[in-house]
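Okay, handing you the structure first.
Each chain carries a letter (A, B, C, D and E) given by its place in the written order, and its residues are counted from 1.
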């Protein structure tokens, strides 16, 4: 579905144009066309290919999806793939954005994304002095928007880890903790696969030989790169702490086992000793003088209680109970 | 066994030719020869060496097999080795494809592979405008085919991991889980050894100084490279999760031990306390007033039952039973 | 809040100047302006942007904060972000310093930091022969001060680890140890995220193509770089030892479990054997000749005591008790 | 001991020559001398140094031994150190080969090696068209021979791991498994230390600026490099799997502990319940009506047996027994 | 304290000179001055700074100490910091050597080192043909001496690991093993921090753009580099094996726990079964025909013994006892 199809000149919106007019506007050196498509059909992509003169391999990638994030040069034009990551419960879903950028055009194709780039277009139109930079600036604005969406995801994962840490150290629900740590790790991996390839790709947009469409906006792409590195660093930290939290959880489980063993041992002792004493006075020897003493029965009961009381206090002090 | 031996001109099939004619056709600048061999004998390889003028070291590699994936330049020609990985039950089997590519010829040699490259040839013949690119395009088409075969393998391994995850978190069959995780890791390793060396090798076919036969088709090789990186990334992710799943499994085993210990302790308590009480009333003291009370025996039995009921309820609530 | 606003000429303080005069002094080739701001309002930053002609992206970074440490070139000027790490109990807090350095000016912006850079300014003013190097030297002096603050933090963490090691090997409070090791790891991560990016960034200030403002002071920046590498190395070592300490702690917990199991087994034996003997003499067989021997009861008690004494001694020797 | 001392011209053996003649033959541009020494004395090395004009540092390295594998250039000549690894039971023994290669000579010095390089010389003399390449080809032939000796070692280690895997998953002899995995890891390390440094070293013999003696034979050295990378890859895989096998073994041990605990609990239950019942009927209450019923004693025995049978069946079904 | 202060010309000792004469001798192009200081006072360093014209930052580093190993260029002169590692019981102590090398001078400053460099000077003076290379050769000789001191340390740590391995596999003193492995790891880290930075630093003394003072002696510095890489490789291997030994130790501890549990279970069975039988015959049923059979009591005792004997034999065979 074609969301927008607008021609710009000198940083200002010229007109909403029809799809068939695109190839005409693209030829004018002083203006550029910015088209946004969403969940496109093959026909729409084929039309775009013709109107903009896109490379078949790039169109195939945008059509098939499941690409890794990348920035590829096809002659003077750039083909960019980015992943938007959205958290839904225990899942980290990935939506794909492909951007074709030529000197005179920008074509963004998004698939399976909830929120589009209307805000990007609105903001760009409010700042004509920046939009004047042309298609390279639009590419920057789109990338910046995608990258900005990573931060809340990272924050959400950090909050999740903090909650888990609390539960781990309080020793509660170790089984659920393992499962959630595993899920968290999985979500981190999805996010990393979205971010890492872009770092290298954006680096080529401002350092060394810069593609023509990005010239004059290198500092903006460096800013995007910098944000990506920050996300990546946060992910690395999280990843490291998740791994540590996993082994902490195992230690806590083993510790809990120690506790159980100790309590088991303590209670067993409290029961075993009176049983032994009772056993002794249950023997059938003819000559057991204690048996004939009237106060001996309550005395033995008292001794049993006293021993247990003593053991209980000792176990308590030793932290076994 | 020689599967095919065809001369092409201007992107179209010229003729099926005899092996002895190869050296003749290879000399014609305007056409190229595409030969496919399967499980070759040494004589066949020797014939090929003579007809195409191949380098002895490369022929030796193709003959001995057990090479690692690579792309090597011998003068103007390329020698490519690729691994096809096929899953058969718990095993990941590797078949080897060697491709000799010169300006005017392509020779593919496959060993121990179930499915050949007939589909590649058919598709190439249906697209003469692409086949016109010459032997470099054929090399691309073969590589693309090999790389496309990695994706279903990765998918199968991902499904396998998901099944294992479910079983791990449900706590069932920990022993089998360990063994299957180990097997999964082994299969991942086999696949990685097929993919990783190709990444570096294909990179040299489109970036920097490009070999002559690949010139004009760099964008296609970049696409192959990109797919390989995607496979590699997926493998890295899988590998990471398999490692994590292993330590999760260990945690689950340790947790299960805790459960067993707790249940053991609980049941032991339920039996030990009545035993102790019975022991006490089994003592042989002369003066034990309770022994003479008629309702005392059922009362003691009731007390035993009551204590056990209380303990049972408490253990239940504590999650020990 | 503007802390200082001073013009320098030839290595000596010229005058405290008003904010509005900045742009005027900056134009004079022979002098430079050094301004220090703390927790700035947006208006203050906007004023600075105008007076110094700063790049909007850099000002935005300084204003928003939460940047990663970096050194960025904007034309002839440098934008530097550094993190100051302060330990408060179990937390490692991060404060941010941004420094804008042009040929004729230095502007430092600090946020949420306890101690400012008054000492840096005082020392610089006492050494006019160094201050004569200009704004590049001031940037060095600020970086040097920030980096010097990392050393006591590293030392504190090393002391913390040593205390933990002692507790781990004495086997005391394994639960607290785990938690503190986890916290320690977290603090190390915060510090690493402050230090690592600066290493690469400072390297570019003395090696290869050196930015204009740093020329003539490369050896100073190499010194800063060297200190950062030293901090980084110490952090790597700490990190490694913390990981090892964690697994040592797990081993100690498992060992402790062994101890408990052994003691449990030993005490159980001491009780079970007399119980068994008592049970035997509690049987109701008619013909049990021992039962009629008068000294048999004390003899059996003595035998019980003797067996227990023997077992106790043996367990002691085996280290089970 | 001098094993061989032969002069070659135009790819064919000229003559066995005496040591004192070496310096004379080395001067002739059209021929080269190939000397093989084994476990040399210092005098022999000194003689060689004089005759060939070797660099003192290189001779010192060859004399002292315990060098790491390397290829060093001394002016126009190359000094190569390689390790041959031989498995003897649980040990991986390392023998050292030093090769001095000049434009007109090759001197191989081997220490502590069982099998020498006679086969290399024989094969080279059978292929004069290759030997014509000169001393560089001889160096290749020696390296190729050394590298070919790594493959059976890797294979032996792979077989060893497979045997261990079987034993680990069958749960037998966990203690021996740990020790053998540790030994296996040690042997892998020895092999890696032999292989890794050579990879980098051989790379310099065919890529970039190639030493003069290797010119014209680059493709051969690339082949050696390729084989080394293959060995290295196999070692990495092995190393990874050994690490995994170790943690699998730990999991199996923990699992075995669970089994033991469960069996222990089960058998304890089978004994404890009859004991409790017997205890109850051993109480001395006056009014216990069951005691007077004649069939009660066998009935109680039957109840005990029935309960145990039921428990036994249940434990069996639950897999505890 | 100034240990030596000697001028050399043409590879031979010219004279012991006074400190004040240094600046004079340094000016003569044909000779060089070699000064050795030990635990210097600030005044001594200040004197040296003036006499040799050293860079203040380098002098500051030498004075403060606690530098990381490095080689820094200050104009034409080199500033080198090296760590000497000495083992004292469980500690690895680090002493620091700073060497200032100019075209005409070498100044070595050592701190807290037991053994100085007298041997280096003596050997250099015995080999005038080498000393003729000038100050660069002296720097090499000092570095070589420092690096040679690493080998016995590595050997000592290897011996320590071997002893530990033996103890680990024999299962003795697991607690002490953990602590010693931890200490070993710590010592390895100290050594690595001494060696690693030097590897990179020495590489710059023979490869690429070589500092002037090292020209003509590159092959010697390559030798030092090579030795450092060898030390580093040995350390990596040790580090790897220490990590593995730690996890082996944990496995052995867990195994030991299994053994204890099995023995505990076995002995418990040997006691529990007679207790149960005794309990049965302790019941007070009126009609228990066995009780009246005279030989029944010894028969029951015999049965108890027989069962225990059978169980004991079975446990033995199963390896539980």
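Assume a residue touches a chain if its C-beta (ideal position, glycine included) is under 8 Å from a C-beta of that chain, and two chains touch if they have at least 3 such contacts.
Since the model is a prediction, treat every value here as computed from it, not as a measurement.
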item: Smallest count of steps, each to a touching chain, taking chain A to chain E; value: 2
item: Chain copies touching (chain A, chain B) - same or different residues, decided at half shared; value: different
item: Distance from chain D to chain B - Cα centre to Cα centre, in angstrom; value: 25
item: Chain B and chain C, separation of their C-alpha mean positions in angstrom; value: 40
item: Multi-partner residues of chain E (at least 2 other chains); value: 247, 250, 254, 257, 261, 264, 268, 272, 275, 279, 282-284, 288
item: Topology of the chain contact graph, where touching chains are joined (line, ring, star, complete, other); value: ring
item: Order of the ring members, counted from chain D so that chain E is second; value: D, E, C, A, B
item: Of chain C, residues touching chain E in the complex; value: 165, 169, 219-220, 222-223, 226, 229-230, 233, 237, 240-241, 244-245, 247-248, 250-252, 254-255, 257-258, 261-262, 264-265, 268-269, 272-273, 275-276, 279-280, 282-288
item: Contact set on chain E toward chain C in their complex; value: 55, 57, 61, 67-68, 70, 72, 74, 174-175, 178-179, 182, 185-186, 189, 193, 197, 243, 246-247, 249-250, 253-254, 256-257, 260-261, 263-264, 267-268, 271-272, 274-275, 278-279, 281-284, 288, 290-292, 294-297, 300-301, 304
